[in-house]
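Shared chain: chain A. Partners: chain B in the first complex, chain C in the second.
Up next is the complex of A and B:
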């Protein structure tokens, strides 16, 4: 029984991987594959939020910032690739044809630099931010507000620098993805498979992380930060690591969002987009392994199907689901699964371990 | 301990397997940038076998632009009802699929793709902001679909897959500048929302102002969703321009006019000419906007043969706002223009429709007068009008262009527009 329950997540990831990588491409139309790809990108960011918020207790309300860093790094590269060597992107010609390419765009002509930037940019930003905040023991609502404000600030900055970043219109019209023509069914499938595979890798990473001693420490820090400190650990470092990992995941999600959706705008990384990411995680269950990813995918699906058939009603439905989950299932829909497991255990009279999933954090 | 390490190995193996799959996929069979045999654009799936033809309407029914775009959506429904009552297009009844763009540009792109590949619509009608059009453009071009865009915009675009039934710059901005020159204006202040339309429009205004000998004494931008114009209006008051050229869009106009009125500025000393305040928007600004000007092609107050019936039908239509305005009139035109195109082509196929357009001679007796489609750039001829807002928030026509103005999106006929910029824009097809 115990052996089975510890292996259960791994089996789950395996089934999930087969569904995403084998079954979905076989049964879904091109339209739904591209939609599913978008949900995967949001899910990648959500897996990171699950780690930082669900396991680490840090309410990261501004993941749009890191999502945006990755997305814009990728979008800048694809824009330059589409424009061709030495040429200005079309929108820059529109606003000022004579001014040169802004200096910070130049390195994004390189494929390698772009890929490195997608990982390193969020690491640098989140490490500086996290270090400053956690060392000062900023937490709870103050931390949430700060991250949220950062998302608003970045969205406003991009909106107001129209020639440098495309402004409110965003960046779009990408023709190539690292040398591959984007308008090609096989290449679209490839981009989807990369996103889906990255999601599976992120799930595996978080699963491994949760089982490690560091994962235990993170949960301990969430539940009793002072005790962890008295035991001789520095909670700031523990939180910082989870925060940085979450930032990198959001950035990777953002980077894959760009070739799949074909456009990125400040709206996708601003306050409401960041909150929607949190909503998906809360819905699915923030402390569980699959909860955040499935929650984010469910929200994405709801938006493209319900938002289509009943646009004025969808936002109310989302609100009602959210209220229902907060009131009756504070640990999200995945806690239903844990409760079911608890019932099985009780009926077989076997004392179950106190898993972090079962702990309800009230903060 | 042994158990743990074995598990680790398994995880590593799984990760490796996934990485290998990804690598395999990467080296897949898709076409590369340098491939001569790049895949052709998606083939059309328009179904013409039944008694109906599917059309897509794509408007923001939620979000910040809903207030404007719901009217466009509504008038499209009215036009579809009218055409259906009249026998449909090529004998087929219009079956429209309404989608919500949600004031979110990626949503516009996603819904366009959905309408073309899932619903197999023959054409899509809608959009309002230039950003939404720019999100739709690559998708319709890639899938070879049709998009009818009903709002005045900044020009410098002509996609083979888009039909533009609103004004391009030489049908709204340039007539407005001609009007200002005729009024003897010497100094001009530019106020706009911070996005693609005002930025581009103002770049063109500055070029033409230099030609006309009008001095630009200030230029201010505020993001689309911000309503506070106090600081910027103080700069206008200090600069004392002869006129203010207003390219602000959406509800931000209400904040601008309020700040203008509160600062004690009046149409007598510092009049404003707007390109986004119409009959629909003016009531929200009440008497504070009275006496100022707007440049449009259509006004409710226009005296043309087809206008009275249009106003009457619209007032009677369920959910109507009661007033007619330029963008909704252009949307009304767009559906009838499509009908004329399809009937000339005798087919709903995109290439056949475009071929019919290229042959020329497509006209429609619109409420603004008889408009003619230009088959080369997919824009329509339009009359230029300047209206002055009266106490009823309607417009008194104070100036009109010399006949209908031919559309010239790339300003080929204006030698003050730098040729190298035009060439670069055409080359980038941005």
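Up next is the complex of A and C:
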């Protein structure tokens, strides 16, 4: 029984993996596979938010920054790959065909450098930011506002540097993905499968974090930070680790977003994009394993179906959903499952191991 | 590891919040083998003393454990020197089980890599603390569901798991039943055999039954110090507690109600 319940999340991840990697490619059209791939990318970022916010209590309102780091690293590489060796990206030629390639673009010609950067850039940025904030014990609303401000700053920076980054039009028209022609249906499926597999890997990673001693310590820090400090740990380090992991996941999500969606703009990484990421996590259930991923996918789906066919209405629906969840399901839709489980357990009335002890405490 | 002189010696401790002096040149010492009490009316500065010793508030003066100076170090370093505390309002990790609470306390000296693995089995130190505090039967319950007294024991258990050499306990029996108080007192007596135990308390009965030596604080200063009998006989202490020296029998005589 206990063995089964501890294995349950693992079985869930297995089922999820089969659905994404086997069933979806078999039944969905090319168009929907591409959409699903996009939702997977948002879900990867959301899984990290679940760890940092749901488990660690850090309201990360600016994950767009890390999503953007990964996305732009990937987009710069794909842009250069499309332009060909030694050539300038198309949009730069439009401004000044004779201008040299900006120095920070040059290393992104390398595939290895790009892949390393997608992981290391968010590590460096989040480690510096997190260290500065957590050591100074910045938390709660101040932390949320600071991270949000950073997302705004990065979006503005990119918007205002049209010649170097493409500005508001963003980077697009990628033809190749590490040597594969992106227009090819089989290659599109491959890119989708990579994103889906990465999502499964991130879920596995968070599952392991949650059941590890670190996971217990993270929850402890969330619930009683001072107590953790007076047990001899530095809460800043514990939070920092979760924050960095979340940043890396956001970056990976952003990196895969680029070849799947085919364009990255500052809008995708700014304030409202960051808030939308949080919204998905809140909807699904921030502290649960599947809640953030499924919530993000649901929001992504709503955004691309309703959001494009009926944009004014979608905003209101999103607002209503949010109000409903906050009022009635503060721990998200996944808490419905826990309640259902509780009901089943009560009605079946099996003398579970906790029951006698429970009575003892209550009396 | 056994420091010959594993005592806690606080001298001229001074804590100030803005212009307000909460603790004014307080000195006291505590040795292994005794259950040391710190008493005083509300706002006397008892909690602030502990806060300063454990790095929660900034204080000047000295607070030495053995030959190590505690003042000025960050809180988590002080804990790693072997100085643990509890809080006036029991603070345990409500969502985690009793076992997980103790396991986290035991993890102080684990390597960061081992933190990434799941817990298998129960450390011997955790087993011992469960037995010592009598929490074995509720080990799998979320700590948030424990009674007030059990939470206090869990906090003490967490210090035992860490093998803290100095235990600073802020009102450990507040809200406990008489039986629980007795059990706690006996636990502290056992624990104090080879540790420094400092108890902040309001409960005079509890103090009378279990204190070996007492320091009375009043408005941030040491008012009196000595054995229970000496304290009870001190007219200044009687005055502080009751306003009149004549009514001493009310608060400090055996069988009196708790002062708060």
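Remarks
The rule is simple: the second predicted complex is superposed on the first by the 344 of 363 C-alpha atoms of A that agree within 3 Å, B and C clash if a C-alpha of one lies under 4 Å from a C-alpha of the other, contacts with A are read in each partner's own complex, and residues count from 1 in each chain.
Here is the rule we use: a residue touches a chain if its C-beta (ideal position, glycine included) is under 8 Å from a C-beta of that chain, and two chains touch if they have at least 3 such contacts.
These numbers were taken from a predicted model, which means no experiment stands behind them.
Residue contacts after overlaying the shared chain place A:223 against chain C, while chain B stays out of touching range. By the touch criterion defined above, A:214 lies against chain C but remains apart from chain B after alignment on the C-alpha atoms of chain A.
In the superposition on chain A, contact of A:232 is made with chain C only, not with chain B.
Contact with chain B, but none with chain C, is seen for A:173 once the two complexes are overlaid on the shared chain. In the superposed model, A:5 lies in contact with neither chain B nor chain C. Counting the residues of chain A that each partner touches, chain B and chain C differ, and the larger count belongs to B. According to the touch criterion, the shared surface of chain A, contacted by chain B in one complex and chain C in the other, consists of residues 208.
Considering their complex, residues 208-209, 211-214, 216-217, 219-220, 223-224, 226-234, 353-354, 357-358, 360-361 of chain A touch chain C. Chain B meets chain A in the complex at residues 10-11, 14-15, 18-19, 21-22, 25-26, 28-35, 38-39, 41, 61-62, 99-100, 102, 104-106, 109-111, 113-114, 117-118, 130-131, 134-135, 137-139, 142, 156, 194-196, 199-200, 203, 221, 223-224, 418, 420-421, 424-425, 428-430. If you check the complex, the residues on chain A that touch chain B are 10, 13-14, 17, 21, 29-31, 34-35, 38, 83, 87-91, 93-97, 156, 159-160, 162, 167-170, 172-174, 176, 179-181, 183-187, 189-190, 193-194, 197, 200-201, 204, 207-208, 261-265, 267-268, 304, 307-308, 311-312, 315.
Considering their complex, residues 54, 56, 74-76, 79-80, 84-85, 87, 91-96, 100-101, 103-105, 107-108, 110, 114-119, 137-138, 140-141, 145-147, 150, 158, 162 of chain C touch chain A.
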